[in-house]
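The following pair of complexes shares a single chain, subunit A, combined with subunit B in the former and subunit C in the latter.
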Partner chain A sequence: MTNKINLKICVGTMCYVMGGAELKDAIETLPAELTEHLNITYSPCLGCCETQRPPLIEINGKRIAGVSKINLIQIVKEEIRNAV
Partner chain B sequence: MLYDNFAMLTKRELLIRIVKLLKEKNLVDGVKYIPVEMRPRSKNPIKCCVHKDRYILKHKIISILGFEITDEEIDLIPLSDFAQKSLDNKNAKENILSVVHEACSACMQSQYFVTNMCRGCEGRPCLMNCPKAAISFKGGKACITQEDCVGCGLCFKVCPYHAIVYTPVPCEDVCPVKAISKSEDGTEQIDKSKCIYCGKCMQTCPYGAIMERSKIIDIYKSITNPDKKIIAIPAPAINGQFNATPGQILAAIKAIGFDEVVEVALGAEDTSRNEAAEFKERMEEGKPFMTTSCCPAYVGWVDKHAPTLKPFVSDTRSPMVYAARRVKEKYPDAEVVFIGPCLAKRYEAEMYVPEVDYVMSFEELGAFLIAYDIDVNAMEELPLDPEVTKYGRGYAQAGGVMGAIVHAVGPEYKTTNIEGLDKKNQMLLKSFVKKPEAQFVEVMACEGGCVNGPCSLAPLTLAKRQIKKALEK
Partner chain C sequence: MKNNDNFIEVDFFQKNKAGNVVCGDSFMSQKLKGEGRIISVLSDGLGSGIKACVLSTLTVTMAMNFTAMNESILQTSKSIMNTLPKDMVRKISYSTFCICDIDCFANVKIIEYESPAYYLFRRGQFIDVPKKKIPVEREDLGNTFLWISEFKLEKEDRIIFFSDGVSQSGMGSASMPFGWEDGAKTYIAGLVNQRNDISAKELAHKIVAQAEKNDGYSLKDDTSCCVIYMRKPRNLLVCTGPPFDEKNDKYLANRVKEFRGRKILCGGTTATIISRELGLKMEVDMDIVDKELPPLSHMEGVDLVTEGILTLGKVERILTSGNTEFHKEAGPAEQVVRMLLDSDKITLLVGTRINIAHQDPNLPVELEIRRNVVKKIKYLLETKYLKDVEIMYI
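Moving on to the complex of A and B:
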């Protein structure tokens, strides 16, 4: 695998309060075999929480709304599988 | 704290919407749309239909606005009237914690129950192991006589087919002092004479039916009143709540409209100093041990359920008190808002601390930050008070007070810390009166300490890491 997957977690206050804190917690405790494929950034407000359900993430440019801890890990694994 | 829980998100969304309306000066007109906007017909209803869902939201809003939900008459009053009354200071909600009866699902009485997975096996370990002979066999299946069952759970553990289930009442199960119980109609009620305001029931109820008294309307009015000086004092646990540095967090709070922000950790320095002196004095007098007094749920527990421990609780006041006093000395006319993760602080402030005018939870703070479009991790840092040490900020976590006292009095004393007031710890604490395990005992009603308070925003594991980062600086 050549390129790392860009994963952006929104930690704007809205996303953070409505579940983003939980996402940050999940990402920080991911095992190394997953994180080595990821380029993780914490982003200030992505500016779309008025219309989409927080918390939001962006994975390789795709924006996904209403993410929970469990489906975040599924999304990440799926993306890694597709990239390999 | 459990985050993957929509009841908690509903509460937060309600807070956010209400503060947003306040800021837009549109509360009276806008509040009536909240139930419909949050529970549109296009979504699958949670209870029987959207109307019931909306009705429950209406009751939760009334509770947040500061009114007791008592009788059916409230159904005759539109939400807008409640909003207006609340803005006119006529929201005289008395109880700090109350059950929103419409939301309470009146869970089935907690019990062990044999399901039809029971195969009536020959082994019948349930029958053999039941200490109260509460199990009988009817039609080849086990049956529990509820009047005889003492709820030991042995049958549940030994059934090889997992045919026996436990049906809990979540709020009653977590209450450490049996203060919550069923009323005649099956919904829950809280006995004020027993409640220690630990907030466990509020945190646990899967329907979000137990709600605290909120002062957001009053706080908003003070913030926006140009003639009033209003000062925020955030608890040390604040440093674990956001993806930001302590300086940025202070700046974010100030940006809401507070005239100044003073860390409660500054008051913690006073607590450490006084408590260390008091501890040394007590030891010299030959007292067997002393416990901390900064956790109001623990102090409430001693008052209401363990009076024998009272002489051993420190007389030193909590960091909130000293921080508020410092502020009031400097600005006697200012209003002081304590911001924390704790429900019991509302009780402490109301009963014993006239220096604190309002208590605001971290969840409510989150709602304000969102309504005011403040991105905490994009803030310019405010300078931190050099008088505050890592020991003061360390009060946020279990073991922090102990650490500060050891730092002050030296390592020659035996110390221990107790996290959580479960049955085991309650027994242990009561046994200290006769046989203390240590000379200095730190007690926190929440496992993990204040960072795990019932109104915190970040999950405990994340909050701990973020606090560690803040303390290293």
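Moving on to the complex of A and C:
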């Protein structure tokens, strides 16, 4: 796989208090073979917390709302699987 | 003080006599907004510990209130002396004071009673201001005088006054058998000539620290120092919240761009607007220093970029607590506080658009309304930290 997967975690106020604060920790529990495919960045408010359920992430341009530690890991794994 | 673009910084620092939990010196400074006056009072109570603390607290409070009401100084000192409780052993009621009253035209009046003489440092040297000597009649103690001096404060002037913990520090040691005395002048002149923009806060800290050193790191008396410094104001802009009307985004961005002074953006959406309007790149830091708060961001031309409401809430809590001495590894809120306290004139530019999601009662934390937090911060900065603050809503 050549291109890395871009994972943006929203750390705007709403997302942060609704669990976004812990999302990066969740990713850090993944094995290095997986995380090396990721390019993780933080983002200020993505502007959707008024209509969608925080916390939000953006993975390769797709916005996903209501992310938890557990489903984030699944989302990431799936995205990597699709990419390889 | 707003006239001719000068700002008067008043700061103070003290340390207790070694082993004492309370300080026998008291200090109070107040800005009378309507009149543009700044009154500062320092008093040293007889002895040390609680008794001294009660005496000096009474003294500064009375001196402050009487001065603010323009009561004559003789009446003021008489009232203070009649009010102070008498010492059981020595049968006197005694505390020193130094009142510094500066009006809106920078006219200074200093009244000293039994306190070490103040210093006026101007253009690299100490100036001796002629003083009027007024005898004080009291039954318990003869030969005491009020010393009154009046002069006009000039830009870059510093007034320094302190308790005898400073002037008598080191007394009895081989190098200064009679105490620090004029050595203090040499020390202060050295500091200011080395760095002529040294703040009142830093200078007061340094003087007390040196006095402690003179005493072999175990202070023999309560030691207090107040520094008043008139200088060009250090401006700070704190911009928080998106404008109510999106049409004003451009206006907001230009205000930020054109502001002369340091700049803080508090709020992700606010920062995104500025970044978009001015074409400045913004990057969110990957380091979370303070778990309670989202991380800082970085933007060229802006000194500090933080999250909004959570950070401001914490700023307010820190300012209320008064615990403002931090270590190097300070989180976003501490960094905001540091910049606020290092400034004189603070403009709070507050966007009034409300994020509806913030009002959701199911949130795990309560998010305050931006306007309210900002108002509280303004109040604290003005009353507790003597800053000039203005709020502008947009």
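Heads up, the rule we're going with is that the second predicted complex is superposed on the first by the 82 of 84 C-alpha atoms of A that agree within 3 Å, B and C clash if a C-alpha of one lies under 4 Å from a C-alpha of the other, contacts with A are read in each partner's own complex, and residues count from 1 in each chain.
What we mean here is this: contacts are C-beta pairs under 8 Å (C-beta built on N, C-alpha and C of every residue); 3 or more make two chains touch, one makes a residue touch a chain.
Since this is a predicted model, take the numbers as computed values, not measurements.
Student: Clash or fit: what happens to subunit B and subunit C when subunit A is overlaid?
Tutor: Subunit B and subunit C clash in the superposed model.
Student: Contacts for A:Thr29 in the overlay, against subunit B (first) and subunit C (second): which applies, first, second, both or neither?
Tutor: A:Thr29 sits against subunit B, while subunit C stays out of touch.
Student: Touch check for A:Ala21: first (subunit B), second (subunit C), both, or neither?
Tutor: It touches subunit B and subunit C both.
Student: Applying the document's definition of touch, where does A:Leu72 land relative to subunit B and subunit C: first, second, both, or neither?
Tutor: neither
Student: On the A-aligned overlay, A:Leu7 touches which partner chain: subunit B = first, subunit C = second, or both, or neither?
Tutor: So A:Leu7 meets neither subunit B nor subunit C here.
Student: Tell me the contact category for A:Cys45 with respect to subunit B and subunit C: first, second, both or neither.
Tutor: A:Cys45 sits against subunit B and subunit C alike.
Student: Based on the superposed arrangement, let me know which partner A:Ile59 touches: subunit B (first), subunit C (second), both, or neither?
Tutor: Touch partners of A:Ile59: none, neither subunit B nor subunit C.
Student: In the superposed model, where does subunit C crash into subunit B, at 19-27, 109-117, 325-333 or 343-351?
Tutor: In the superposition, subunit B collides with subunit C along 325-333.
Student: Do any residues of subunit A touch both subunit B and subunit C, and if so, which are they?
Tutor: 11-14, 16-18, 21, 42, 44-45
Student: Using the touch definition from the top, list the residues of subunit A that touch subunit B in their complex.
Tutor: By the definition above, subunit A touches subunit B via 11-14, 16-19, 21-22, 24-25, 28-29, 42, 44-45, 68-70.
Student: Under the touch definition given earlier, write down the residues of subunit A that touch subunit C in their complex.
Tutor: Checking each residue of subunit A against subunit C gives 11-14, 16-18, 21, 40-45, 47, 49-50, 54.
Student: Using the touch definition up top, name the residues of subunit C that touch subunit A in the complex.
Tutor: Listed in rising order, the residues are 268-269, 271-272, 282, 284-286, 288, 291, 293-295, 297, 307-310, 355-358, 363-365, 367.
Student: Over in the complex, which subunit B residues touch subunit A? Could you list them?
Tutor: Answer in residue numbers: 3-4, 9, 12-13, 16, 241-243, 363, 366-367, 369-370, 374-378, 457-459, 461-462, 465.
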